[in-house]
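Below, subunit A partners subunit B and then partners subunit C, in two separate complexes.
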Partner chain A sequence: MTKPSLAVETLSICSGCEIAILDLHQALPGVLDAIDLKYIQVLMDFREPPKEGVTVGFVSGGVRNEEQVELLHKIRERSQILVAFGACSAFGGIPGLANLHTKDELLQEVYIDTVSTVNPKGVIPHKVVPPLLEEVHPISDFVKVDYVLPGCPPPPKLIAELVTCLLEGKEFRLEPKTVCDQCPLTKDEKSVTNFIRWGTKKIDPERCLLEQGFQCLGPVTQGGCEARCPTALAPCRGCFGPTESVHDQAAKMIGAIGSVVIQDPTKAPAPEQIVKEIPDLVGTYLRFSLAASTFKKALHTNVVKMKKGVKA
Partner chain B sequence: MTKKNWEPKIVCFACRWCSYAGADMAGTSRIQYPPNARVIRVNCSGRVDPQFILRALKLKADGVLIAGCHFGDCHYVSGNYQTSRRVELLKEYLKEIGLEPERLRLEWISAAEGTKFAETMKSFVNEIKLLGPNPLADGGPE
Partner chain C sequence: MSTEEPKIGVFICHCGSNIAGVIDIPQLVEYTATLPNVVVAEDYRYMCSDPGQDLIRERAREKGLNRVVVAACSPTLHEPTFRRVLESMGLNPFFFDMSNIREHCSWVHTHEEEAALEKAKDLVRMAVARAAELEPLVQKEVDVKASVLVVGAGIAGIQAALDIADAGYKVYLVEKEPSIGGHMAQLDKTFPTLDCSSCILTPKMSLIGQHPNIELLTYSEVREVDGFVGNFKVKVERKPRFVIEDKCTACADCLEVCPVNVPDEFNTGLGWRKAIYIPFAQAVPNAYIIDTEHCLGMTPIACGKCKDSCEAEAIDYEMKPEILELDIGAIIVTTGFKLFNAMEQLEYGYGKYPDVMTNLEMERMLSAAGPTDGKIIRPSSMKKPKDIAYIQCVGSRNERYNNYCSRVCCMAALKQARQIREKYPDINVTIFYIDMRAFGKGYEEFYESTSREYGVTFVRGRVAEVRGSFDSDRIVIRAEDTLLGQPVEAEADIVVLSCGIQAAENQGDLARVLGIQLSADGFFLEAHPKLRPVETNTDGIFIAGAAQGPKDIPDSVAQAKGAAASALTMVTAGRVKVQPYAAVVNEELCAGCGICEASCPYGAVKVVDNVAQVTEAQCKGCGTCAAACPNEAIAPQHFTMDQIIAQLDALFQEAR
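What follows is the complex of A and B.
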């Protein structure tokens, strides 16, 4: 029997997910014995997945330009099982936050407006480079995805679990649990009187971070990471994306914020005060999943109108 | 539907103990108000998950009205306080994403305030008419 083969396609991404595969450390030789690694751009000099096809294709990164759409369709055709590998391919990830702006705004900012840019003629690259799409997409917008392994990057333990499942022909599924379910910190009485940004106050190492007033996305985020951030006393940023019962991390988080505040109305902060205490609401709550949230992007024309105070 | 005879579609979540009874009061007192709202009865305004509101807007509702008991009257003690925080945060979310926060409105209407229910409905419909159709609805299906 020939060994099952693996191809890893890299789209709009920082390559951290590929490094996460290397983070298997001592388990890696075993994996490489069992799997034929056919294509991975960080290690091999190939431009596209092998024509003869592979058993499993991993796609890391969201879809930002037209070339990536093509590459994505190629790997879908050439692999029997397709895995969305990492937060970017699953929900658009951090690059997905670009959906708050139009394509033209982004190009203007990057190639002309930034202080460090020297571009006297104001040229925006348009030849040779593939044109950008209007917005960032998770790969599921274009192709059928068989399995999703979220995370920024996915933890090595889950990668090993996924590979084992695939080798044994089993279904791979994350348990329907939130980060909070796996978090070791103690949840106590919900009595927040003000919300604070991380790093501005001393942290109680025993107590739930959300109840201390930090913006921890644990209650709305898919578990599986064994709460690695809250365990290290850093609030969860939501890189595993929404759980099965959550469609929009921001909406669900707003629900959680509403109920985590102290019950006594005389001590509770005014709603307007809470809004002030949470700067960059969309960027905080949809840090990884804006491109897969309810609205997917900002309605640009309307944002401009509202800034100018023009009524529609 | 052409733009001329466009009528706003409004989803109204009314709390069972106060506002839904208030709407009933408006009805039994034969108070006239615009028929644009689809009223959904919920047990408490605190039951309204922000995801419901976003979903209504995503499905091209032009406005969402949430009606609950006055502070201190909540049947579940603090449900309406929670709602007040959520709505304020949601308005901020809508603003950042490019939907007018005015499309979301929170009102406290007791079971005796049939007139207030009718007045709220009138003013909300007028406000939404000024704002125009939900921008997501442009070119979309009816």
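What follows is the complex of A and C.
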């Protein structure tokens, strides 16, 4: 019997997810014994997944340009099982924050306005490079996805679990609970009077970070990561995206923030004050999932409209 | 989920001309008949009347209805009425929904008939969509413990406790201070009858001390309230007095020997007391207490003089705080108020000029049992004043402090002015006011006679500044006389600030412990300002007196009697119905983050072992937790996500 084969396609991404595969560390030789790794650009000099097809295709990275749309369709056609691998692939990831701007603005900024750019003729590359899409997309906007393994990057333990499940023909599913489920910090009383940025106050190493006024996205983020950030006393940034029962991570976080604020109306801060204490709402609450959020379309359309309005 | 096909009857009420005067009822009925699952769509003049109710019953029988929607007024008014109709037909009363086309349509869109009709169509469509998703629910009944906890023993708490105890039920009366009596004990006379305050209060106080049904817990505080209506588990902390109440004979031998003098709180700091003391002569319980903050060490090595002098052997330096656990059926909260801190309003110079005092300080000075034996003197010189000025609305009716009117200060100032003029006809009294508010029974008459017969001067205008005179030791008041339309400047020897009433210190903490709410001004929030004035939104907890809002003595007593009657109704019945709205937790989704616990206004949700748990009887089904839950892991039973989504789908589908 032939070994199951694996192909990893890399789209708009930093390649951290591929490194996470290598981070399987001592388990890696075992995995490589069990599967036939056919294609992974960080290790092999191929341009596309094998024509004869593979059992499993991992896609890391979101979709930013037209070439990536093609590559994505190719790996979908050539894989029996397709896995959205990592936050970018699943929800657009950090590159998805570019959706706060139009394509033209991005090109203008990168090729002309940046201080370090010397481009006296104002040329924007358009001949040998694939054209950009209007916005960043999660891969599920184009193809059917069989499994999602979120994370920035996905934790090696879950990668191993996923691979094991696939080898044994089992379903892979993250428990539909949020990060708080595995968080070791103590939850006491949620009565926050003001929110603070990480690094501006001494952290109580025992207590729930949200209760201490830090913007921890643990309550609104799919768990399974063993709460690795809060365990290290860094607030969860939400790289696992929303759970399956939730439509929008940011909307849920705003709801949660409303609830952790102290109830006593004589001591509670004004809502405007709270908003002021959270300097970058979109970047904080949708750091990884803007491109897949409910606000995506509305936001994008409004950004475009607003910009046009300003010009007119 | 019930499997039978929903057969919905929609009944549209005219409410006389309240609804029919604006909304085209025939059109609404015609539209309603086209909605999915609607078998009956009819209208009637008054749906809530007996013939209206009969109409529902008749149609239900004819057409085999299993869901009913009434489009009429607010469910707060008539939901119970129509639920009873369903019950009488043998239908589950929760197969009912109401859409409010009066308050939400005809009353607010009186001049937009078209728009009101469209909105009514939307609301009815939504109610029908939800009705199809309704689930049958069962109401539970729970036993009610035959005991009442009264928190706070001012006049309101005293009255409530006496009423309940007289009805034959056990009362636990908890008071934070060493003696009961509250603010009323500090007053000399009460308006408008000029009764001696302590003469009418102390008989009630001593009744409390002796009543067989009342267990008095002074110098104690409520620490924890668990459970729900009829079955509260309350933890009360008894702080140590260091004097055994039962043994102390109040002989005052210890006073003779105690070497420490401390400003006396009861006399607003105008007199002195010892470190071992009794708050005032008529205190109940009539026992001393040691103020550990000022006592010289509480050990026989450092001092211990009081213990040596005590023949009754009532002094115990080893006394420890004690936690009592009580089983309670109903709770009445009468924790009173705090006087506005005059220091906050800097321009009136309180704390800077000794002759600027608060109304309560003047009250103590006027009291025959007070620090000056009822004589009025200037604190700076200990001499008799010639002119006294009152400044009204200190801390009240002021955007910088409290927006509301404190309700008692006008009458209190009038009463004090009259007392001063009675005692010393040669002292001039001037009252600077914004409006004189004399609204109670006999108050206007009191105001009239005070101004006419007692020669008190009134100046209408808020005082801008109080400062020391440059030429003498008197005080200068600058104000604008709004009747004359010009600035005025007056001199006085004593300035009395009519400080307003504020929510008590830590009222928010107590609200949290009890699971009840505060209104924006910091006082406890009643369930309905007109129709449920002594109930809170938490079943079985009642409020009365100034803890609910500024109030004078007659109003406090009236409210206390109301709260006592409400608590008695519940305790006497012995059983109480609990609405089956409670939220349910999906343990597979719950990560125990505690967001729901923080959001619950009733303290009904608690995270235990990393999973949220709902105390059914405490839950009101408000849905706050469902909205807050980051993982949709909790939802109330009578407003499920399916029902809400069905309503929203119906709302956004294009109106046909």
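As a working rule, the second predicted complex is superposed on the first by the 296 of 312 C-alpha atoms of A that agree within 3 Å, B and C clash if a C-alpha of one lies under 4 Å from a C-alpha of the other, contacts with A are read in each partner's own complex, and residues count from 1 in each chain.
The rule is simple: a residue touches a chain if its C-beta (ideal position, glycine included) is under 8 Å from a C-beta of that chain, and two chains touch if they have at least 3 such contacts.
Worth saying up front: this structure is predicted, and the values here are computed from it rather than measured.
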item	value
Touching partner for A:252 - first (subunit B), second (subunit C), both, neither	both
First (subunit B), second (subunit C), both or neither touched by A:100	first
Contacts of A:202 with subunit B and subunit C, given as first, second, both or neither	neither
First, second, both or neither for A:47, with subunit B first and subunit C second	neither
Contacts of A:274 with subunit B and subunit C, given as first, second, both or neither	first
Partner chain(s) touched by A:265 [first = subunit B, second = subunit C, both, neither]	both
Which superposed partner A:282 touches (first subunit B, second subunit C, both, neither)	first
Partner chain(s) touched by A:126 [first = subunit B, second = subunit C, both, neither]	neither
Which superposed partner A:295 touches (first subunit B, second subunit C, both, neither)	first
Doubly contacted residues of subunit A, that is, touched by subunit B and again by subunit C	246, 252, 255, 258-259, 263, 265
For the subunit B and subunit A complex, residues of the former touching the latter	46, 49-51, 53-55, 58, 71, 77-78, 81-93, 95-100, 130-132, 135-136
Residues on subunit A engaged by subunit B in the complex (per definition of touch)	100, 246-248, 250-252, 254-255, 257-259, 261, 263, 265, 268, 271-272, 274-275, 278, 281-282, 285, 294-295, 298-303, 306, 311-312
In the complex with subunit A, residue positions of subunit C that touch it	503, 507-509, 511-512, 518-520, 522, 588-599, 601, 607, 610, 624, 627-628, 630-633
Touch list for subunit A against partner subunit C, complex	176-181, 187, 189-191, 208, 218-220, 223, 243, 245-246, 252-253, 255-256, 258-260, 263-267
